[in-house]
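So, here's a batch of structures to check.
The two complexes that follow have subunit A in common; it is paired with subunit B in the first and with subunit C in the second.
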Partner chain A sequence: MSTKNTQTSADAPLPVLLPFRIEPTRLGTPRLAPVHAVLIGAGLALLAGTAWAQADAAQLSPLDVIIKWAPLLLYGFAFNILISMIAMALGTGAGLGVGLGMLSENPLLARVCWALTQFFRNAPWLVLLFFVMFLVPFQITVFGVRIPLPDWVKATVGFSLPVMANVAEIVRGAVRSVPSTQWEAAESLAFTPRQTMWQIILPQCVKRMLPPWMNLYSLVTMATVQASIVGVSEMLTLTAQVHTAEGGRPELFAPLYGFALFCFFLYCYPIDRFTARLERRFHIR
Partner chain B sequence: MAAATDPRPWTPDQPIVQLIDVHKSFGTLEVLKGVSFDVKKGEVICIIGPSGSGKSTLIRCINALVPVTSGTILVENIEVADPKLDKLALRRKVGMVFQQYNLFPHKTALQNVMMAPIHVLHQDKGEVEERARALMKKVRLTGKEDSYPGELSGGQQQRVAIARSLAMRPDIMLFDEVTAALDPETVKEVLFTIRELAEDGMTCLLVTHEMNFARDVADHIYFTDHGVIVEHGPPASFFSAPSDPRTREFLSQVL
Partner chain C sequence: MDVIPAWFKDLYETTGLNFTVFYDPYDWHRYVDGVRMTVLLTVSTILASLLIGAVGALLQSAPSRIVRGAVNGFVVLFRNTPPLVQIFFFYFGIGAVLPAGQDQFGLRQPFIDNVEWAIIALSLFAGAFNVEIFRSGVEAVPKTTVEAAEALGYTRLKAYVYVILPLALRVCLPALNNNLVNLLKTTTLAYAIAVPETLYAVKQIWSESQNVFEMMLVLFVTYGILVGILVWIMHRWEKSLRIPGYGR
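Take a look at the complex of A and B:
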């Protein structure tokens, strides 16, 4: 082989020899514009329309089916919202505790909270959900009083665990992002560390925590449909049941699930926009 | 050891701050290599010297923001280096103002001034507010009570920081290069406030690069270099006839 040949092959790198790289992905929900909603809606309508055109004229149109079942489906959707809100509330409360625990001067507490956060942040939500569903009994007895634990309560607890871990990380990051000079100033004014945290540091963190927290809420809301896998009567479960009740007609598949998509989109999209606006506003200041 | 746990009662004729052979190391880097001096009540002390000479560390040791490696610091006969020290009790006596103001950005100017007396000293809110308004007037910021730190200029923020510190009614004020981050025009207003404080009889320790101010206001000047006090004296003799070559070189560069 001549030198010239080697040179050319060196100049033009062989694709197979290039190192494999995973492109870094941006965390968080993808940003959607209203035009996407219109496109998706139009696509679904077209799909449903063609399907229906091939169907028996005696049957209800997809639109009529949706209107007929809308109260039930919306009831299911309200259940998704309820689960997401309770899970978020529980997770935020616990996450605040765990996040502050990670920052504790007590090394044991800090380690335990760190481990908790890492464990629940790096576990698939569905696996956590299964664990809670099958590990927690259907009722507990406290001081002789039987408290039933329906499936949806267990699912809510299951969702609150990853929320807790993510909130803990948000809290830790926000507290760390406050300049250490704020601690110094408070120290020199004879504030105790606890007072400094609650009076001076955390109030400044709220602004920094709000956008990621709302982003997390959006994710939780969308994740609640996973509860259908463990039999909670939320929107996705009900949609499947409605589909079966209508004879499992294939042309109803897209409109019914499209309706579910549409509901989630209508709910999560404004949150997403609002988060983006907050992020922009806080960046400027 | 008995003196550390049960300090002799302090009387105003004794030094209010006393440093005896103070050493401070950060890892292997020795920042203070045996610093000793006394400050009498009502005195204004200026500490000058090239950057990295340990001035800021020295002043931070006095209110226990930075723990000393060895040596003794007495503030009103309280041993600062005592591990059992009640740091909060010490910091109620010693106010501190920082180069970067370090105001609490989520509180208004007035709230910044009121926070520590209310939460730390548990004083009556109405009384604290009255005092805070008086302090805002004293630093000539009447009308800026409800502004947030972000809406104030550097000089105004620094004066709020001074008022915030004074609200704790300290016996000693520490100023750590408080004009270093300011525009030349606003330096004057802050120095004016400090001068008034000094004239009111407040014991002040300043780390500063404002030589003219030090000459006018200080009772005593300390020049530090590489962690030791190279030279000290009253401003008149210090500036007109420095004896050490390092002082002469430094003064020739900054004057």
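Take a look at the complex of A and C:
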């Protein structure tokens, strides 16, 4: 809405402001000269040297510690990715339902879905995680069959709640952005409202929903480390355990957590770039 | 004044809903201190992150390629890594290798405590997003306006502070609004390094009084109200900064 208005004022002979659009920052590929390589190498050597000098000769250097434990830490990272994917799948399914519910003709259903969305969107993720961890039992009994609910399953459900609310908002926004002429055209072709939604409106929405949906996925991935606070043994928990296993030397904290940062960066930055490219390709906004 | 505690005590006796915070002064003080800490974290990180955003957006258009590259690297790095790991990295990683003093018992007493590290880490995290938002706002300022400022003899810095930023701020306020609400929600992560904010206080209360469900409700309502207040303030600000005749 507002972008349309800025568009019109930008068309004026002397615009006050041009249209506003957030373009994600990207890392330029630096043109490295040999000088840079030498400088960076010298810097790293200096850094490693000082870190090494602090440590005892009998102890492993930070780099060796990371290499030694990398398989375990990467296993933890894979677990993070697994949690994020399941949470995203659950949340997207539920969010699609809630989002369409918000657009429903039935005012009661629309209100309930709206309240649900607002509630889960405005609560901090960590609080929702606690909510699910503490208030969902560790096992449920369905028809006499006991189904155990391990920690990580509950955490996944905890992450899927905010995903649901955010996906609902994305769906609603995308459906709203389809021109109303599409609805009218479908009606004149004798489509039922249900058919219109599933065969005409939603297929057009997929393109608009994809970039924000991918953004959300990246956020979920980064949020999964919060599961360590409630005791799921994912990457961050394992990092702390590795640190203890290596004798709890304080100078090991920075490299170990740095490694975790690095893993997440390598996973999330390409998603971010790809999202930006899709946005540009689809000319969204 | 005793009506509220009495009512909640009565509620506990009749229904079993144990809202200890509202009749137990000890829990109440813990809760209020927690909320106060959340507000402190929020206000200080908002101010610091706005500053980081404004300075970063200026530096992103700096003539030096190294400065631009450094700011871009900062933004990209902080946007694409989990804030919780960032907090741990700062608090444990950097905090552990910084020189520290000793208290009277000879225990290690770092110069930057957990609250300050939480503020630093959260400010940098939100600041990275703000840089992007402000930069987009700066790009929305027409080139002619910048040239006009130059023609009037403004230096690059002065033009930025007096001409570009005020205009940019107005156009990026809705996006900024979103990010600051997110920041308020992210302050819960300070829980992980034992900053006694709302979540931490409430967790302590429910582990002592065994009233998880009731405290969960209190927690949701608290954050709902805090987010509501922030949104209200931002809307007021947006309204008071509105350019007459622009948009709507």
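Methods note: the second predicted complex is superposed on the first by the 234 of 285 C-alpha atoms of A that agree within 3 Å, B and C clash if a C-alpha of one lies under 4 Å from a C-alpha of the other, contacts with A are read in each partner's own complex, and residues count from 1 in each chain.
Throughout what follows, a residue touches a chain if its C-beta (ideal position, glycine included) is under 8 Å from a C-beta of that chain, and two chains touch if they have at least 3 such contacts.
All of these numbers come straight from a predicted model, not from anything done at the bench.
Using the contact criterion defined above for the overlaid structures, shared-chain residue A:F134 touches subunit C, although it does not reach subunit B.
In the superposition on chain A, no contact is made by A:V232 with either subunit B or subunit C. When both complexes are overlaid on chain A, the residue A:P250 reaches subunit C alone and has no touch with subunit B.
Greater residue coverage of subunit A by touch, when subunit B is weighed against subunit C, goes to C.
After overlaying the two complexes on the shared chain, residue contacts for A:C268 are found with subunit C alone; subunit B is out of touch. Once the two complexes are laid over each other on the shared chain, residue contacts for A:G258 go to subunit C alone; subunit B is not touched.
Judged by the touch definition given at the top, the superposed model places A:N122 against subunit C, while subunit B stays out of reach.
By the touch criterion defined above, A:M222 lies against subunit C but remains apart from subunit B after alignment on the C-alpha atoms of chain A. In the superposition on chain A, A:L100 makes contact with neither subunit B nor subunit C.
Of all the residues in subunit C, the ones that touch subunit A in their complex are 60, 69, 72-73, 75-77, 79-86, 88-89, 92-94, 96-97, 131-133, 135-137, 139-142, 144, 167, 170-172, 174-175, 181, 185-189, 191-192, 199, 203, 206, 212-213, 216, 219-220, 223-224, 227, 243, 246-248. Residues of subunit B touching subunit A in their complex: 63, 65, 87-88, 91-92, 94-96, 98, 100, 102-106, 115-116, 119-120, 150, 164-165, 168. Across the interface of their complex, subunit C is touched by residues 2, 5-6, 9, 14-28, 30, 119, 122-127, 130-131, 134-135, 218, 221-226, 228-229, 236, 250-251, 253-258, 260-261, 264-265, 268-269, 272 of subunit A.
Per the touch definition, subunit A reaches subunit B in the complex via residues 181-182, 184-192, 195, 199-200, 203-204, 285.
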